[in-house]
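Shared chain: chain A. Partners: chain B in the first complex, chain C in the second.
And now, the complex of A and B:
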């Protein structure tokens, strides 16, 4: 209650300004009213709206209407400001490099603002600031990313619809404390939601479909993935360690209460890329990640298997990284509803089953090593490779509401001499691993090509030429200034694994 | 030592017509430069395993030209430890700039013969990861070469030849000269490879698998 009053007081000035501005116009932006909870319930619910941003005093409201550029409003905005974008088409890339911005689509009569990439533009929204909120957009026909975070902490990305948009739908990279909720994402060549090298993340209530990977938690720690509807992808939910990235592990992930069905779409990832190795028909894939709990999911109709657990050695298209532990340890499978999976499984799975003298359609397949893993009530599933796993010492994760931080993470401030490093970590490593092929060629190869010529590299990323038939085009990094481009080029040429 | 190599060269040069027949790829005999038959004594698909000379057919002309110039000016094949390279250097010494251009152009238009070796499945799998993971980014998905990087085709090369060249790059027999940028690029990359990596990736390419 107390919280509501404070929030209300803070919001009043905005409502006032907004009201003034709008008098006489037909299209009204919603007032930014405070949340009020239904008072009839007897017990507390864990459906409480989570927020990871302390918006502080709300600043100015900037309104953007069709014909105007969102980017102009971003340029004019100060930390704390709200940018309201009215329904209509916006053909641009929005790059937010300041803190505390709320980029908010205004939905009127069911129409939301559409960011339209014309199959030409690379990214719809990029942010490198902290405390960024992005909501209510329709994003379509971009070639690279729908919404990409580049080392910004405390983010909320919600109520967006992203269709047919390049490589990653929502892609927070190197962020701490973030929420990805109530988004609908489809038609993505790599991962619809890709959490990369981030900590304390909550991915909930999203629908992801018709993509190669539905939700991917990669080289990230402390994440909850819950209540998502994940269907008709090649692979549903992935917890991965990708070798060759600067953060070497994935630890502490809860995957619970998701509906994971019919992820049988033929793999259309770029050949040779890591996701291109995912067999169509995979519900959940755990590769080399540790401490992953799988609980109360409904996993049905995934033709290869409901859950696959693998180490790096047995995963196609991976190279080994001496600094990454290739083994998925402490995988914990609690109760799940699994039905009609594995009905058209891969030959490798059949061979494994034969070695256990089993037949049938596998719900769970484990290949390669895994230490200290456990499974409850295994008799209910058709399994291979987990018959020696003991029961887990617990049956649910009810004590964990989420892994978000109680207090917002300190904003990441980047000293000038570290700029190259953070752009490298926040942007480049999304597509370039040190060794091995992600979306782009490995950094080792780039180092050999450019050797001691950082300026040539900096020039390339401003306006990349297409050089390889079997790789997609590299997106322009023209939103970075010349100094930053050179800094990242220098960093890239000197970085180690 | 040197004398023996020259002798060997001479013996092989005495064989050209036979080699042409053996190679089966000298269809365009009309515009075939005079020395090409000599070259094929060592470089044809039939003789390359025995001679250690790679197939030249289908290789990029600019790459062939560059290698011949380097053999000639001592950037490649001059070291005492580089036995095979010395043989070729002796050959290259006899070629004029015009010869080099026309031979390079000629061989680049021929079609290589597919000769594939087999290897252990685990080694091939390791080689595949290596190839897709890195080599392909410069040499192309099918080892067809990529002019954008001056990276030659590897698809027609044998596992043994590839392994030897990787070792030469790594130990500085190739790609050392400051002005040889493509050579330096390959040399820098080769330092990431262990002996085992080289064997694996050479086996994979030699098996014709990219």
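And now, the complex of A and C:
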């Protein structure tokens, strides 16, 4: 077992003093209520995980009350700000294309703010920024997703209740270092929690039920799924490689200490969706994912099987992708409590069992290929397809607290000079050559005009005056912020050819 | 809003001859080894596994660059020169016209001899980022790709021998190839390299959408922002395949668009043995500069962006011929977009227009042939640099 990652990522137990987040804001604001309800006291327990970068200083607090739009607060917010949303109904799509925003519901007398999609709006919350924290909402009746991330790193999504909301309840995609904790999600047509193409993810302490898939880890690496209550879905917990996506593999997933029971709900997935092919009554489904560890779960009452392991060839609805490996390798089944699974299993499973001269109700079914996989104490389960698997060389993953990054994924720091260069080359050179006339005058001429006055140049491009009769007007560069305008001015004045 | 006509010829061409530019095109930096490297504001960001797909502030995928200024400039002449076709009537630029987003405005392209092709000419903007070329993704490199239209009977209908003889016999090209490749004998791979070099300089990353992505949220109108949110919503799911920053995830997807009346079913990527599951599959195309390149899809079947968008809302497989059993992509479903949402998406797609780095069309060609007549159109107004607020 190649397990360099096992030793990795010992989380520093950062004592997350919730109240601290708001220090510097007016003391009498009822703002603390949100955090008190989150942590159950003045401070969170000292094993609280964090993936958002703590910048220490707290920005402004924006309060949103019923009748107002959350989006207005998002538009006004600067990185570092906190948006507190008070109990009441909010009918809108909230999109956050900024970094470092904490979107925090305030719970008062058990009432939390409700994002209500009226079966009309698409997604409830959409973010693309880094360091986004979303907590304490009730989300219902949207057509798309409850909470959807597109390439935001260091996210924390917790303490939300999501009911009867479209396709995915919580769907972070293409992000690094994220935490999905303490959410209750039900009535979802695809996956209640769906981690797509993301690395270093922790999904813990959620309840997911009455959905097609409970928790799905897809084309993602280094994920821990633990302590979740996963019941009454069609399939409980999935670790998938879906072919045809730009990120090609799923590697290193620990599924442990989950309670996975009675996932027997008839499949109501959309035709053609990956999950539409899951047989009702599947506890855990591993499709083509590598290095998946299944440990200490309680898996009971799933009528088709407790665990199904399959390659792409034997899975329905999978397309062809020569770049993705169709085989689930290095699947590691440690100790699990499995009971009363497979009592109404599918015909294919019965056929497979017959080939091994087995009878009864299968806990574990493996179809297709799988290399270098292992299982501990197989005698306790009714299995098919794993009888040749050797015992694993270890019994637990205790050394892995989680796979979140010790240091959150840092935004790339770009020196002003670099920014100046990117804009100069990427924008200005389209109209200004060093020598010779292009659409605008040559840079040499500009250098002689502005020599030691980069600020004057920076001011000019914000609002260019018409200067030359024989040239067109120069378009405003007002989309550049002040720092970047000065940086590009300095770069232009110093550039050599 | 300004109008720029076609730019003047490169300053370095002289009355008696041609010489190649020694500077890189806009957005490229000249680095050691006489190489032009792309620089853009997206260099401020990272992307997961360096795949260049993500959200607003995500790095670009790996790109083809590192060509010399001379190779790029030689490629520019070749690209516009009908000398490359068998009958000297058609240039690459005939079907990939700068004024039409480097496409040709036709549903199906027609070749040098007037023969009608079977697919629509795609835009070449940002083609240097693509790992798979052609609608069906059958070509892996620009070099490999470049020779195909030149030699295709229904396109430029040339032969390698004739092409090389024409170039070698020309008054200027041997000297230009010497500048670019330090060679006395023109060879086919050099032609391919020069064309690849030029095409890799077709970069469009300064649209109003880009201004939004880099943080200037006023760059888009309310309507366009609504469109962006529908586009990336999990109802429309456009961004799941047309993923920023290039608005393609570069995968093959079977979505089941219709052929024009009378055209046979196009199996796309599925013609390759063993690839039957991808029958009807096409490469997800970039949507940058998409407003300039109607009609749409591999077949040019849709005249407007509105029609192309509505296609996704008309039901999974609604246009698949009855005798075809396609494994349609899982994101093709029934989003039931409202007419208003379709308009919003269309508005958003318009904000992806940026032609600020359009290369100069040569005023004269080394071959002495006239520019193909298709190219005598004006460049449409550049909508990229003016803010929505103006």
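We take it that the second predicted complex is superposed on the first by the 358 of 497 C-alpha atoms of A that agree within 3 Å, B and C clash if a C-alpha of one lies under 4 Å from a C-alpha of the other, contacts with A are read in each partner's own complex, and residues count from 1 in each chain.
Keep in mind that, in the parts below, a contact is a pair of C-beta atoms (placed from the backbone, for glycine too) under 8 Å apart; a residue touches a chain by one contact, two chains touch by 3 or more.
Note that the structure is predicted; figures quoted are calculated from it, not measured.
Once the two complexes are overlaid on the shared chain, A:92 sits clear of chain B and of chain C alike.
Of the two partner chains, both chain B and chain C are touched by A:436. In the superposed three-chain model, the partner touching more residues of chain A is C, compared with the other of chain B and chain C.
Residue contacts after overlaying the shared chain place A:163 against neither chain B nor chain C. When the two structures are aligned on the shared chain, A:272 is found in touch with chain B and with chain C.
Using the contact criterion defined above for the overlaid structures, shared-chain residue A:448 touches chain B, although it does not reach chain C.
In the superposition on chain A, contact of A:422 is made with chain C only, not with chain B. Within the superposed three-chain model, A:469 lies in touch with chain B and out of touch with chain C [touch as defined at top].
In the superposed model, A:319 lies in contact with both chain B and chain C. Overlap of the chain B and chain C interfaces on chain A comprises residues 271-272, 317, 319, 436. Those residues of chain C whose C-beta lies close enough to touch chain A in the complex are 2, 4, 7, 11, 23, 26-30, 39-41, 43-49, 51, 53-58, 205-206, 211-219, 229-230, 232-236, 239, 243, 249-254, 274-278, 281, 316, 327-330, 332-334, 356-357, 385-387, 390.
Residue ranges on chain A touching chain C, taken from their complex, read 75, 93, 95, 97-98, 122-123, 126, 128-129, 143-145, 148-152, 166-168, 171, 174-176, 197-199, 244-247, 270-274, 317, 319-321, 412, 414, 418-419, 421-423, 425-427, 429-431, 433-434, 436, 438-439, 472-473, 475-476, 478-481, 497.
On chain B, the positions that touch chain A within their shared complex are 129-130, 132-134, 136-138, 140-141, 146, 148-149, 184-186, 188-189, 192. Interface residues of chain A, counted against chain B in their complex, comprise 271-272, 317-319, 435-437, 441-442, 444-445, 447-449, 451, 465, 467-471.
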